[in-house]
Structures are given as structure tokens and as C-alpha cells.
Amino acid sequence: MSVKELVERYCRTSKLPHIWCPGCGNGIIMGAVMRALDKADIDQDKTVIVSGIGCSSRAPGYMNFDTLHTTHGRALAYATGVKMANPDLNVVVLTGDGDCSAIGGNHLIHAARRNINLTVVVFNNSIYGMTGGQYSPLTPTHSYATTAPYGSIDRNFDLCKLVQAAGGTYVARGTTYHTRQLVDQIVAGLGHNGFSFIEVITQCPMYFGRKNKFPSAVDMLKWQQEHAVPVKAAAKMTSEQLAGKFLIGELYHEEAPEYTAVYEKEVIAKARGEVK
Amino acid sequence: MNSEVAHIDINEKWCKGCGICIAFCPAKVLVAREDGKAAVANIEACTRCGLCELRCPDYAISVGGKQHASTN
Amino acid sequence: MKKLELRLSGFGGQGLITAGIILAEAAILDGNNAVQSQSYGPEARGGASKAEVIISNEEIDYPKVGEADLCLAMSQQACDKYAAQTRPNGILVVDSGLVKNIPEFPGRIYAVPITEIATSEVGRGIVANIVALGVINGITNIVTKESLETAVLDRVPPKTKDLNKKALKAGYQAAQKVLQREGE
Amino acid sequence: MPVPTERKAQLLSGNEACVQGAIAAGVRFFAGYPITPSTEIAEGLAVELPKIGGKFIQMEDEIASMGAVIGASLAGLKSMTATSGPGFSLKQENIGFAALTEIPCVIVNVQRYGPSTGLPTSPAQGDIMQARWGTHGDHPAIALMPASVREAFDLTVQAVNLSEELRTPVILLMDEVVGHMRERVELPATDEITVVNRVKPTEDPEHFLPYKPGPNLVPPMPAFGDGYRFHVTGLVHNETGFPSGKGKDGNILVRRLLAKIEQRQPSIAQAELYQADDADIVIVAAGSVARSARAAVKEARAQGLKLGLVRPITAWPFPAEAINSVATTAKAMIVAEMNLGQMIIEVERAACGRVPVIGLNRIDAELITPQDIIARAQEVTKNVR
Amino acid sequence: MPVPTERKAQLLSGNEACVQGAIAAGVRFFAGYPITPSTEIAEGLAVELPKIGGKFIQMEDEIASMGAVIGASLAGLKSMTATSGPGFSLKQENIGFAALTEIPCVIVNVQRYGPSTGLPTSPAQGDIMQARWGTHGDHPAIALMPASVREAFDLTVQAVNLSEELRTPVILLMDEVVGHMRERVELPATDEITVVNRVKPTEDPEHFLPYKPGPNLVPPMPAFGDGYRFHVTGLVHNETGFPSGKGKDGNILVRRLLAKIEQRQPSIAQAELYQADDADIVIVAAGSVARSARAAVKEARAQGLKLGLVRPITAWPFPAEAINSVATTAKAMIVAEMNLGQMIIEVERAACGRVPVIGLNRIDAELITPQDIIARAQEVTKNVR
Amino acid sequence: MSVKELVERYCRTSKLPHIWCPGCGNGIIMGAVMRALDKADIDQDKTVIVSGIGCSSRAPGYMNFDTLHTTHGRALAYATGVKMANPDLNVVVLTGDGDCSAIGGNHLIHAARRNINLTVVVFNNSIYGMTGGQYSPLTPTHSYATTAPYGSIDRNFDLCKLVQAAGGTYVARGTTYHTRQLVDQIVAGLGHNGFSFIEVITQCPMYFGRKNKFPSAVDMLKWQQEHAVPVKAAAKMTSEQLAGKFLIGELYHEEAPEYTAVYEKEVIAKARGEVK
Amino acid sequence: MKKLELRLSGFGGQGLITAGIILAEAAILDGNNAVQSQSYGPEARGGASKAEVIISNEEIDYPKVGEADLCLAMSQQACDKYAAQTRPNGILVVDSGLVKNIPEFPGRIYAVPITEIATSEVGRGIVANIVALGVINGITNIVTKESLETAVLDRVPPKTKDLNKKALKAGYQAAQKVLQREGE
Amino acid sequence: MNSEVAHIDINEKWCKGCGICIAFCPAKVLVAREDGKAAVANIEACTRCGLCELRCPDYAISVGGKQHASTN
């Protein structure tokens, strides 16, 4: 499907062009999500896109589905309600690094723990874009931000590791540079029956870039190109070679009982005396 | 090399001139106009890899002609 | 001058907020009161940008600019929107390189190729805002030249002082030119 | 579908009656986080909901519970949560979201002694003002205060109905006494219960404007998955549902949110009057305190002291008319509440200086007694005469 | 220790002045979570605090920020946080904790347009009632509303002072207009600023009762680490600080919490009167709206219309006396606010029917203009005469 | 030190006997904490004990230190403030499974991420005791609870794994049965300069026991005895042998920069121009 | 009987809450009104326990028991606390095995070894609460025997029906005994 | 075997009769009284391992005599 057809079909075209800054990766990720939804052949009328608050969380407003732009950090809680109430809906959560790992961190680990069938795509630009460039829990230590004028001393999460430890059953990392792979990762997430989590390393040239000596979005994509290592390649590399790099690809995958299905099969069936 | 000449369409209104398509076109097909927006300079070289389309944050560039060559 | 209300408009990245602040600071150096405010929010992201300044030798109560005495428009969009929010007997300054269609406006209009001056005469497009300050003050004399220069130099990075001085001067010169043209 | 029930006298607590009311009103989703003295509501619904195919989920906290309730309501189920003071405070942000986006849902707050952790198992009525003003910004509010177990049932049904009809969060503001006491109750048979369902749109998706108000100022509401592909946002939006960024749309939207309640105020605002017509002193009391007041009225009248009672059933909108109706006939009003003076603020405004309004406040974790009320009434009588 | 400053005219925003005020008042700990339009306060303190050995921390959310602020205050530092509507809603539970446990701290709420996410960058005054009633249970509240950049500085200092003196959370209730506008300001020199520090106990630890009130009903407060080994709990406690489980202790405690503010009410509650003595119509307006009102008074008087202004500086406790003082001389009052009628509730109560009280409300995200006020005043004049 | 001396010195004896039910493990853990504090030779006047809300969180009230009983789930946020404000204080957090992993989950992972020097002891009784027996994020799947009348379908966290993934630098698990080892684990946590986390498997005979066929506290301790495997022993066991068991002992240990120290060394020093 | 207020007190695990509920349910079966309430909170954890029941053939407004007409005390602590909150002309029933010191009480006192009866006569200490119900109703006849039996059997696990019937009977017998002793 | 006889002190007021000390005393020194509280039955067997003391949730039992034998 050409980008024109894609946009025509999956975007609310009257809302375009979007508000994002020139070179912002949000548009790339939203494009990848739409391509993945198309590739996965989802039913557009049975798909709900949920987000929190942030630049990235504005994405659902542009997408031609049932869309829900919630409060900051709470997308996964709302999404859990949507999915529990109607398990037939595909529920996709688009969220920012701040939205899902700062204020929303608890909902993230609990949704992962339950293994509820949600597909979560994190727009990780390592910063709070919407509020003007404060550091986030994913901002690399020593980076600069408006609230880290002397360089951030916070250690950043490895969010994929955290989600896996919390119980997430499909975990992948992509980048806006490796766009084609990203689409496939999201397709895999959509296909996975359980909690799927795709962290996307993306660029905020406006704030993260400016504060951290990346003059342009292109420089930031180059950085991704140079620092991302596919998991398979990494397996053959030494730890020195891997220093300062980050992994992309499918990081974890497991099949486990999905929450809403188990609710149906165990709780409702038992309550009705159909099984014991 | 591709046997057929591709067609690249740039939506001037949507293009924000970020330069991403230009910088990462493997075939150096694209250039920046004075205002920063993308323009086609060298269509013959285009392999229709589709990367510019995939990476454009603003859905402003589209690759026509035959189906995208598969890249990896 | 009792009270003057200015609106500086254009798009993000043109440094209009800084320009507004500098103007207000210059007014303070003159011993006057000043209030500056600006647009925030998504519309300020990459898109439109607006700074408002009120200068007065009395207390300034209501801090917002309704109809401005002077409007600087550094984009077509801004000009289309804000020309109409300027007093009929007010002043409209446009960057003639960026504003091609000047809407109907009953007051005085000054079209100056501000960004072009910054790029070609001063050598850096980024100082267009300082050029604009020179133009505005050249036309209105709202603040003293000394205060404006001090205020500019206080705000800009030390290494760019000369550049900014040059920009201010270029602005004043451009103002001279359009005033003369008007006088003709 | 629940099987039709029959009237039968039984012993139930207010919390248990609330569970029954929720089921009867069609609630099919509950998300909550345990907190005394509301926990039995969650526990009861954990048992009952799955029996009828409904969903119960215990979330990680109250914020998540409120979020899940809103999500489930959007997916088409009547949804509810239950909590108490600390949890109610935490839910406020998302309650504001539900108010602005007009998502039907019911929040039960079984009030306990605050502020903070306070006395978790002790009664109070300290959240009356919070039920109105707890979230930021101007917003609509409906809050119902049951005084008996039967009313806990009825008002739960009514809360669900109002929330569905008006597309707004509704608060059931119980107090610990009513929530925990068990009493004889005959629940109405299924066919005696009116159940209101949200209005769905009739236009086809193409022409649908999700926030275009219907005749009651309430926009019809499809469920996610119905094919309408609509957008819901906590940002100010216009009739399309999309963020507008414009103050004038905020003006239209927020004023309508309040107006849809206000124009229904006469039918929503409720109060029970008990021997108030000829009363010299009118007690104003709600929830469990109204029971004491009722006992006091009986006892005082037996002693020759003409007391009467106005019992606000809706804390919000406040039934100012009921107060008005006695403000000219009574010699004084006593507002009895288990807090330091919250409902009295509205009573004073309604009475508007026409009659002395005196507070009777206990915050020692004990239910105000009939004796407390009679004693105060006697005192007031002395001063008024 | 900050070096003594000198008076110098400068251009500052309200948020920047708040940063300066915090430093001047001795705030040495800030925990926050960014939110428009308060973010510049966090950003400013991230720069300034470490310069003087103070601590800045960006927490994972607003709840954590409020918790950290309370913890830091207990560890002996003057502590502050800043937020806006959605974050203010989230902080409510912990604000209640600070109120009950009497931990000094300052919460800045730069009000934006609500409810919910609303219009994040637009002004409103929709949290006035929430500042009083946002947390559950009866609790004390102090909230200050600056109208200028200078006042943003002064009231920040005062907020810190009041919180330290009275051991209670104090809210600085700015609005977006004041927070974001820059204006000429001369900050006072260091030696012109009064700084109040919490009173520490003088008894030895053996005989120390951490919640035994001092003369102002305020218990002296040691810091953690001072050797007093005291207990702090959000449960109802007696003078020992340990949970008592008893209603009568709750009664003593919560009544004292309110009384310590109430008995100081005359000195805390502040309002500025401007040409109000002989005014036919008195405008009541606070924060940025008061600036418009002042302009309106000047302009109207020039036109021969005798307007006056009462500007509540404290939203809570509400300066009812100031209203009272004009309620008999004025012919009408107009309460101008950027909400649908919050402050007017208190004005009505204070005016108590003696003078018509009319609301002038804008919620279209624009500052009420002097023209709005004059127009309404002209209308009212017609009806009143 | 005998238990009498211990109690005399570290307890507020007038508050004893405590409110906990007969056989409740909370007293055992509180005892272990006091023994550890004694063994670690901490300065009693410079030690702050912080808790949230729950049966377990009532512990600080009995302990003769500066003590802070906060709101439900927020102990770590408050503790972070205490420690940042005065890094010279030893700050110990006592919390329940609900308190720290349900409502407080976000503060847990963030405190771990920052590697702030707090010692956290979790009283994990697999249930919400205080509110009468609802399931918690640590309740094993299929257990019964008042809100899981048909058996819980929620997957439970491996909280140690989660904390490690979040960035915690000392992670151990103990039980109330293995009391002596527990004391040593806490001593190690107190000695560690960074975020220390000790999960203690404990018994709530009143609710978890009753609902899940453990007639008494003794039965629950027997279960611990039979199911706990020391990490070292586990290393030599097959996965079949380990099925249904859980590990005890030090699970993770790493030295990494401590938050308040880094703040001092980097932020304050830079702000003052002492380093750049 | 117009209105009777009872307070059942002791410690957690004695089943007093259940007893209160059963009594209230029996009253309802009789066609009367009933309100039951109980103590909550930490003090209800392992420690003290208290259930209050009001039975009346009229509406019950105020739902709390102030001075009780009858107080059952199944622990020393409970007896010490609640005997005084009983009407001077009321009834105090104590478990004589657990309450060794009966405080001053002006009304009628019945000391019955309730738990002992449950353990030795009925065979299970756990049914002490049902024994107590038998005792109380034997003394007061607040509810009909039939309703009480029905209410008991409705609440207890099916397998324990006989046991509970036996307990109730033992309670009635014990009541007979103390009443006779009083009669003597 | 221990050469010296130990001394076990049980605080009746604090003991809640949970039975933990009894069940897990390696030497079967302790028994339950009728009311469930712990009592010493066989002091000679006590190895002074201290486990009862460590595990008593109520600080109700203490082991006197010589220092605790170390166990592991």
C-alpha cells in the first residue's frame, strides 16, 4: 500500500499535517503503526487506539479508528478497561517515555504482569517533549535537559528489561531509523496473544536534540544507525564491542495465558458453575 | 539497477523540510530546496527502495512506479 | 509616550519572544514600566509564535494587548491573523521577504526585508529578530537607543555581541530608509 | 440477564444493597482497589458479576480503577467503582476526565473519618464538599446520599441511571454507618425497577458528530467497536470530539456540561421532608445522621417540641428548593452533620439570611444521636423565642 | 546562604519571581513533575537550588513529588512543589496527609484551564474551591493568589512563612496570566524580607510530646535526626503522635488543625481595597483578573461611574471582613472570575443578602477585560438605580 | 543481645504487645530488622523508619527511631525526600506486598532506578491483610482471596526480578522461617551503599492462611521450609527439581553510584562551579 | 416487645458477628424490623469483637445501640467494658468460663459456661456462639424459637446443621437452668 | 549436647499462643498449654539455639544462660 493510500485509509486526513515539529520521529512511528495494522489485516472498526498525554500521545487524534486520548500516564489503565469490557476489540496503546515510564510506570508493569492482550508502542524520545524538554526516566545519564541543567544524574531504565521482568510476553525494541523492521515488530506484537511491548527509539530534535548537541533530526537518526545492534548480531559481539550500543529486535517472546481469555474460561465459567 | 524509472511525489504542503529522506536515500536521489523542503534531483538513480517514504515523518513523499524493491 | 502596545508575530525559531523580552528590558532601563507576554502551547511548537509588549510610564494594569499600536509580522500567516488586531491608526511592520500579500490595513505600513537583511547584510539569518528590533525602534523610538543596545547585549551570547550590534544597526538603517521613502 | 427477582424481606448491609443495586441497574463492569469501609462492595461484585457474564477487576490502585472504569464504559458496559476518602482523592483527576468527556460511570464513596488515613473504620461525612469540588476546573457534579439500606439500593440504581442518561460521572456518597449496618430490607422486584440506558446515535458513522448534544444537551454515545470511529480527549474539544485549542469551544463545552445538569436540577435534586411544614425548628441532615434526626423529631414532638426534618437526598445538585420551602415557616434551622460544616454552606446560601441557620457538628467518630439534636434544638428554642 | 541582594528593576515572569521568592524564603528542597504552566518554577529551581546547596529532584509523578516534599520537610528543609490542575488533583491525598500531620510545605498551583487536560496553556481560575476542598475530610487550608510578579515573589515568601509558622501546607494559587507574564519588578533586598522558621522544641527528647500544641496551637517540630525519635502518622493521633483509634482524639486534633488557622484568620486573611470606600459598585476580583478590575475602576471613574475594587489576596481563609466592610456602602457587587462562579460563593455568604452580588464569569480562556467589567457595571447600575 | 534487651532498646515498649494476629509474621520481620540494625551498629538517632499503610506498615509505630507512617503506597516517595534532604540519615522502608507492589509499584521501580541509598524490607504475605484478605500482585495465581472467590487469575510479580530490572543494586529474598539468614540479609542491605531490597516471604494466617488451606501459622512456616531453596543450592538443581520452589538468599548485588552522593558530587559541585 | 437493643461482645473468632446477624434474621422472619452493626478495624483484628442488634416492631431510625437492654460478654475484657453500657434494669449474660470477675451491675446477671457447654456438651468449641443464642433467647424470647432455628440453619454450612441444632438446644437448656436457679 | 542447662523465659502476657516456637524447636523443648500459649516441658534438651526467640512474632520467649549456640 502506498503512503497515500495508507494515509487515506488510516488517517483522519483533515487533521493533517500534524502538529509535530519538523524531523520529529512521532510521524515515522505513527506511520509504522498504520502500516503494521494494515499488514496485520486488522478490522478497522474493531480496533481502539489509546494514548496518554504528550507529543506522542497526540497520535490517536490523527488515526481513523476509535481513539482515546486519556490523562497523563493512564493509557494502560483505560486500555485495560476497554479490553476487559470487550475482548473482541484490538487495543493498541501509543505512549511516550514519560507517559508510560514516569507517571505511568505502575500501570505498565501491572498490565505486563496480567499479560492482557494489549499492543503497546512507546515513542521513546528520551525527553518530555510536550512540556518543553525535561528529562525522563529514559533520558540517558549525563544528558542535558531543562530540569537537568548540570546534566542528569538519574540512571535510566532499560524499559524492555523492566517489562519482561514484570511479565510482558512479547518485548521488542526498534528505532525510527530501522523503519521496516519496526513495522514487522509491531505486526508481531499485534499478532501476539498477550501483552506486547515495542519500545521505539525516536528523535525529538526540538528539545533532546538541541540540548544534547544533535543539530538536526538527521544527526539523531545517524546516531541510531550507529548505535543500534540487532539482537542476532549482538550475540556474536564482545561486551567491549557492545559498550555504548543498544539492542534492537525481538528481545523476548513467550506464550502464556492471556488475561481476558482466562477471565472468560476460569472466572466466568466457575461462577456459572460450568467448571470448578 | 532498476529497469523502470520511478516516480517520486513530494507533497510540498506537508513536507517540513526535515531532510531525513534526503540524508538517507541510498541512491542520493533527493536534494533540499532553498526552503529546506525535499526535491527530486536524480530520479534515474532511484531504486524504489521506499525508505524515503517509510521514514518521512510527514507522509509527504511517496514513491510511485512499480512495487518497492525489497530491501533488508 | 504614555502607553504603547506592540505585537511581534511570526513563526517559532525567529526569536520573537527574545525580541519582546529585550524590548521590555530596554524600556525598564529607560525607567519605564513594561509587561511582556507570549503565546504558549502546541501552536507555539514549530508553528506560530507571538510576543506582546506593553510599555508605559504609568502602572500597567491589564497586561494583555488587545489592539496593538504596532504589529510586526514576520510570516504571511501571522500577518493575515494579526494585521486586523492592530489599531486603525497604528503601524504594521512586515518582513517583505516573507509576507507577500499585505492585507488591507488603514494605518501605516512598513515593508522591510528583515530576514534578508539579516542574512545578506549582517551575515546570519538568526539575528533577524535583532534587525527587527532596530527597524521597530528606528520607526517608533519607543526606547532609547542606548537602552536597546544594552538590553540586546545583555541577552545575547558574549561571542555574538558584535554580530548583534551589527544587526541592530542594520535595522536602524532599514528603518531610516523606509521612513525616508515615506517622507518622499 | 439477571433472573427476575421477587420482593423478600432480608437482612442486608448498605454495601451489600449497593452490590444488588448495581447488578439490577445493569452494571456489568467493576474495577476497584480495596479500602475500608467500601471493600464489601468490591468483594460482593467479585462474586456476583461473573455469574452474569460481567467483569470484575482489581486494579493496582484507585487511579487505575477509575481509568479502567472509563475505558470499560466507552467499550459499552455500565461501569462502576467503589472507594473511600483516600481513594476518592486519588480518583479526582480521572473523575474530571469522565466529566469533561461525558463518560457515564458511578463512583461510590463510602465516607470514613478523615482527613488523610484518619480513622479508617469510623464514620464521617467529611467528603461532601470534595464530591463537588474535588477535581480541578469547573465541572458538573451529582452526588447522592443514602440514609438506609433500601436507599443504598435505590440510589445505586438511580446513580447508574443518571450517569447513563446524562453521560456524566455520578457519585454515590454513602457513609460508613449506612455502608456497614445491616437492616431489614425488601428489595424491589426486577420489574419494579426502572433501568435507563445511554442513548446510542442513530445517524450513520459518516454524519456522526460525537459531541453534538441531543435534546437534553446530552450527546448520543456509541460504544467503541460500533463502527463510529470517534475520538475522545480530555482536551477541550468541539462537536467533532477533536481538540480545538480554542477558548470559545471551551466556553461552549464546559457551560453545556454544567447546563445539562442544571436544567434537570428540579428533577435530580431531591430531598425528603418529614414533619417540616409546621415545624418550629427544622433539622437538615443527610445520610445516617438523618436517621438520628428522624428519631429526634419523633421524640421531640412527643415532648411538645415541634421539630421537622429536611433530608437532602442529593448532596449535589443541592436541593435548595426544599430548604427554601421551610426557610420562611421555620424559626430556625439546625444543620446536623458529621463534619465541621459543609452542607451548612449550601443551606445558608439557600436560606439566604431569612432564618437563623445553626450547625450541629460532631467529628468524634460517633454518629450524631437523637439526643444531641434534641438538646441543640432546645437550646436554639430558648434563644429564638 | 544567598548573598544579600539589592533592589534592582528587572523583567521577570511570575514563575521566575516565585523561584526567587522560594530561595529568599529559605526553601532548600523542591520535588516536582513538569506541567504547563508551572514548569518554569521547577526549571528555575533546578538551576538555583544546587548553587546554594539545596536539593532539586524530579520525581516520577506528582504524588511522589508531594510525598518527597513532606519527607524532606520532616528531615528539616523548607520544601516546596509546583504544579497545575491535573497534578494538583493528584497531590490531594498527600496534601491531606501534610495537613493532618502538620508538615510545613508549599504547593504552587499555577492554574490553567480545566477540567481535565482542558486547555493546558490557557488561563483560568477554576481551582479556587478545590484549593479549599480538594482532599477528603475536614482540613485546614490557606491559599494565596498573587496578582503581579512582585506579589508572586512576596506571596511565595509569605506562603513559606505561614507554612513554617503554622505547620500546615500552604497553597500558592497563581494563574497562568501571572505565572507567564513578564513585568518590571523590583525585588526587595534580602534584609527587607522577613523569613520565618519553624519553632523547634526546647524540651529534652524524654519529655517531648510531638503533637502538644504550643501557644499558637502549633506544636514545635524537631527534624528527623535531631534525636527526638518521634512518630508521624496520617492516622488520628493524640499528643504523643501515636495512633489513638479514638474519636475523641480525632475531635481534638482536627478541631485544633482548623482552629490554628481560624484564630489567626484576621492576620492571615488579606484583601486589598482600591477606591472601594465610596464606590457604588464594588468589583471583587483576584489574581490577574484584579488587574483588569483595577484598570476598569480607573477608566470607569474617569467616565463618572464610581467603581471600586476588593481584591482578595488570600482565597483561603477568605477575607470576609473586607467584603463586609463594603457590603453596606456599595449598591452592588460584581464578582469577576475566570470560572463559572467559585469565589462568589464566599462573597455571597459574606455579603449575606445585604447587597446584590452579581457574577461576571468568563471561561473562554481569555482574561476578563476592563471593558467586560465596565460593561457589566453599567448594566448593573441600570438595574440597581 | 537478648530479645529482652533488643526490645528494650529498639522498641517503644509501651506500645507492645503489638496489634498483629497470633502467628502473624510481621513481628518476626520487625524483630529481624531490629536485630539487623543492632548488628549493623547504626546510630539510632540518625535512623528513620518509613512505611506506607497496611498491617505490616504499622511496624514503625513500635520502633524507637524517628518513624514515619505515610499514605498507602507512598513510603518510598517520602523516604526519597527524607534521604535527599539529609543524606546522613539511614533510611529504612518497611512495606507490605500491596503497599509496595500494587499502589506503590511505581515508586518502587523509580527508587530502584535512581539507586538511592534506602533499605527496603517488604513484608510479603501475599495478601492485603489490613483490608481483610484481597489478592495482591504477589498472590500466587489460583490462590483464593475475598476478591478472588473463584481463584485468582492474576499472574504474580517476581518482585526481586522486577527490582533488579529496575536498577536496584542489592536484592535478596528471605523468609520468616529462615530468620537468622534474614537478619544477615538485612544487615547486608543496610551496609550496601545504594538501593537495597529485601523481600521477605511471611505468613498471614488470618486471611491468606484461612482462604488457602493453611490452618495455622505453623503450617505456613512449614510450607516456607519446604519450598525455599537457597540460591547456592539452586545452582546445582535441575529445573524440574526447582519447579514450584522459590529462591532465597542474595539474588543480585552490584556497586553503582548512589543518588544522593552523586547529587552532591556532580550537581551541587557543578552548580557552584567547583567542577564542570 | 416494642424495641430491644442487644450487644454481643467478646473477642474475634467467637462468631459474635454471625450470632448478631442470625438474631437479626430471626427477627425478620418473625416479621419484625432489625438492625445489626458491629465493630471494625484493628481492634477487631484478633482482639475485641462486638455486634449490636436492635429488634423492633416499628421503624428503627437511630441504628446504634447506646445502653443495651441485654449484654452478652464472652471475655473478661468485653465484660469490663460493656457491662457499664447496659441499662441498669437490663440483662448481663456472661460466659462464666471466660469471665471470672463480674463487675458491679444493678440488673439481672446470668452466668453460663457457654464455651464449656459448646466444647463438652455439644462437642465443638466453635459453636459457642450458637449456644449463646440459645441462652439469650431462652432468657428473653426476643425471637420465636422457630425463626431462630431457621435463621441458624440458613447461615451455617449444610454439614454442620445437626451440630448447630444441638448447640441451640444446649443453649436453651442452659437458659432454663439459670432461670430456674433464679426462680429458686 | 549442651553442658549447661538453659533458661527459657516466656512472657505470658505477650505470648499469643501461635505455636511457632513449639513446632520448630529442634529439641522439642516446648509444649502448648491448654490456652495455646507456650510452656517449657523439657529444658534439659535445649541447645540454646535461639530459634524460638528469633521466630517468636511477639518477643514473648527468650533464651537465657550462655550465649546462643551458633546453628546453621
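Before moving on, here are some points about what is shown:
Chains: A, B, C, D, E, F, G and H, in written order; residue numbering restarts at 1 for each.
Methods note: a contact is a pair of C-beta atoms (placed from the backbone, for glycine too) under 8 Å apart; a residue touches a chain by one contact, two chains touch by 3 or more.
It should be emphasised that the depicted structure is a prediction, and the values quoted were computed from it without experimental measurement.
Chains making contact with chain B as well as with chain D: A.
With every chain reduced to the mean of its CA atoms, the largest distance from chain B is reached by G. Counting C-beta pairs in contact across A-E and across A-B shows that the higher total falls to A-B. Note on chain placement: the centre of chain C and the centre of chain G lie 87 Å apart, centres being C-alpha means.
With centres taken as mean Cα positions, chain C sits 39 Å from chain B. Taking each chain's centre as the average of its CA atoms, chain D and chain E sit 30 Å apart. The geometric centre of chain E is 59 Å away from that of chain H, both derived from CA atoms. For chain F, residues touching at least two other chains, in rising order: 20-22, 53, 71, 102-103, 105-106, 110, 137, 150, 154, 263, 267, 270-271.
The set of chain B residues touching two or more other chains comprises 16. Looking at chain G, residues 41-42, 46 sit in touch with two or more other chains. The touching residues of chain C, counted against chain E in their complex, run 21, 24-25, 27-28, 32-41, 44, 60-64, 66.
Here chain E touches chain A in the complex through residues 33-36, 39, 42-43, 46-47, 50, 56, 58, 60-62, 86, 116-117, going by the rule given at the top. Put simply, chain D touches chain G in their complex at residues 9-11, 36-37, 119-122, 177, 180-184, 288, 291-292, 294-295, 298, 367, 369-370.
On the side of chain A, the complex with chain D involves touching residues 12, 15, 44-46, 48, 50, 53, 60-61, 64-71, 74, 77-86, 88-89, 106-107, 110, 263, 267-268, 270-272.
Here chain H touches chain F in the complex through residues 9, 13-14, 16-20, 23-24, 36, 51, 53-59, 61-64, 71-72, going by the rule given at the top.
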